[in-house]
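Take a look at the structures listed below.
Presented sequentially are two complexes of chain A, the first with chain B as partner and the second with chain C.
Then we have the complex of A and B:
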């Protein structure tokens, strides 16, 4: 059994704040409803620029410390300018970032000090889907693989359990493994 | 009619409480919609056996005394066991009495039934954890051509028409029904969400023997780190058979059952399954080995040697890459093995939380004099087992009697 502690193990995660938030949001479920937003502007060709700044939660509006800007484009082999990562790569960024934040948080909650965490993420895709060549091939990834290399003060089985729990609590992992209703409209 | 205590339900929980009250000479009545052990007789599939070995059927003042302590009782045998329990102390059961509502009164409750009302100071809800099957919302999206059946209605493979079967849920009921349908020659897919994998035996003894021995089943509700999660855990992936075989996803896959992730949607004529199966399987294996580690530590600490076998750890769960979509035309039947929710008579709304679950502290409901018994992890990890409801009944009976005597003194 893991000893659940709130002592600071130096992962830079404020465990007590998370535990307090969990308790507060259990008592006030409406404050737990958040909305995340992004504003996208087409630039040219396949290049677009998306800005993330405001979001809503805890019953009010918030902004990030500064606007964060993401350029999306296609690579030169697609006859594009390659001004940024492809949107599907940005999805891999999101998955890796979410799972790794989870690893740090769960480790801190379990009193496990992390020395280094590296993840290699790959998504396989058959372009016959998006090019409309074969109707039986889906547009999206046929599979995603994440490989973690973790150096921490814990036996391998505890590290595996931390990675497993991180997947269980990950928003992006849920979004990519389970269907989400999406509505797109033209104003 | 007036009586100090009304118990609703004459299953193991209601009878255990009745026995505790009888031992303390507290006048009470047990109201039962059918007859003793009604659900065990009418709401279980034909092949079902208890997940716990016979020797673990212990109730206050009663225990299994047959010649097969390591066997597993059938549902009918369990009903017989409970009937003889009720007879053993002449439990005051009113059969064929359906409680419709429990209303608060200034000094207790008014229990309304189809056979007239009872006024009481204390009421014990002992209708059990498996009152109504829980069917996820995705069921509404299935086409009418697919027959849907819950574990409460399922009896045997012959009951289902020809064609493939999708069993949703991989806890005890789901794996048992999937296995039985596959053995009957059916094409079976099982959709597995979070599950608890266990070997039937470890080091030569039943896994429940070990869980009892290491004290895991006695872990108390006020000692676990996350009680609401502990109360939501799915049932153990086990089956009670003569050969004491292990029934996990490996066994099902070897038998030719297709294993997929959790059923999460229906779209364009296809069932959609979660892509998170690999993680759930890895988590289940990790938790399994954590439990077996505790058992090995127990063996070492107590210096067991010849008494126990070698540490025969189960193989890792290996399942083929699972599809995330399957054409619904492959299924003629969907079996919902997705758990149960308790079912209560009409109660004052204040006793429920916003999710509709009854609020209680170890079985003590906030309404004065009201108790609930037989729910998962009510007071102990084993609370919903036949072997676990006795200690809970004992604790709550003490609380109930203290309260009654305090009121009398006042």
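Then we have the complex of A and C:
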């Protein structure tokens, strides 16, 4: 995994492998079709446990090194037991992780060494939507704000450009900011 | 926390508390404004660690019973180290958890006892988007599919209606299926 990109700036991102992947997938676009999965099991009340393990891509099945398990619940102020983060918070986790992986990747690609990257993410929500009090209030966030603090060997304008490019290439940013079709069926 | 709703069907959802909350927030809508938060720290490569602890609502600050910590990373097929679920998988976890909490809550409200609830969630993605191979391919999921298997004391049509109502009231379902504004700034 030591590549030119990795050695150049030391962010731990394998830039050469990503460039190779782009070349390979340009030649074989059907290999670019991935399917990501999660298996959720209700525990009790609003508490559920969701496992991420297998996924498909590059024309075959894969598994992560280990299953990743997530507890979701509602907090005590909603008369729940707070056995895990609230699902809307888990969505903020997904957004933060995707944008931050992007910052590291774009920085490596541009030869910018990162010393530290922190993101504070917040999502505002009016519960009048979800509780059915006001039909004009949406269930989800009225808006999400992400604030980065980045220490890197680059001037502020370059750092801002890296963060902007990360948004442009982020899957979760796209899913959240644009409509994504969800079909739900009962077996 | 023993209420009529909980005792009636035993799903562990405090229905009376939710009805009381709706009444209280109808009278004091400013208390319905919540802010959910996550703090993300880049670790190395595409690996980041995000913590969920504090949130605001009901006019004050709250903390969860404990900080909830999430590792996000990319898998080894992307030349990463697979130290955590991929952020798009974490988004599927959020969706599954939100819809499933809703199923339990709506079922309790309707007096339907649940024995088991499982959801298999999958999201299809064409990597030609995120890798910048084809500008016409989006970065995010082309679509998400959720398949529920529910064992409950109710006929299939009632179970389907519960799942449908859960979608109607789900914050994460709304955020994913509709556009949500995200602002990103660098401090």
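Keep in mind that, in the parts below, the second predicted complex is superposed on the first by the 180 of 187 C-alpha atoms of A that agree within 3 Å, B and C clash if a C-alpha of one lies under 4 Å from a C-alpha of the other, contacts with A are read in each partner's own complex, and residues count from 1 in each chain.
Rule of thumb we're sticking to: a residue touches a chain if its C-beta (ideal position, glycine included) is under 8 Å from a C-beta of that chain, and two chains touch if they have at least 3 such contacts.
These numbers come from a predicted model, not from an experiment.
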| item | value |
| --- | --- |
| Which superposed partner A:35 touches (first chain B, second chain C, both, neither) | second |
| First, second, both or neither for A:132, with chain B first and chain C second | second |
| Winner by number of chain A residues touched, once chain B and chain C are compared | C |
| Contacts of A:179 with chain B and chain C, given as first, second, both or neither | both |
| Chain B versus chain C as contact partner of A:159, first or second or both or neither | second |
| Partner chain in contact with A:167 - chain B first, chain C second, else both or neither | both |
| Touching partner for A:150 - first (chain B), second (chain C), both, neither | second |
| Chain B/chain C common contact set on chain A | 1, 29, 143, 160, 164, 167, 173-174, 176-179 |
| Residue ranges of chain C touching chain A (in the complex, touch as defined) | 1, 11-14, 17-18, 21-22, 25-26, 29, 32-42, 44-48, 50, 52, 55, 57-58, 62, 64-65, 68, 70-80, 82, 84-101, 103-105, 114, 116-134, 138-141, 143-150, 156, 159-160, 163-164, 167, 169-187 |
| In the complex with chain B, residue positions of chain A that touch it | 1, 4, 29, 143, 157, 160-161, 164-165, 167-168, 173-174, 176-179 |
| In the complex, chain B residues that touch chain A | 225, 261-262, 264-265, 267, 272, 274-276, 279, 282-283, 286, 289-290, 294, 321, 354 |
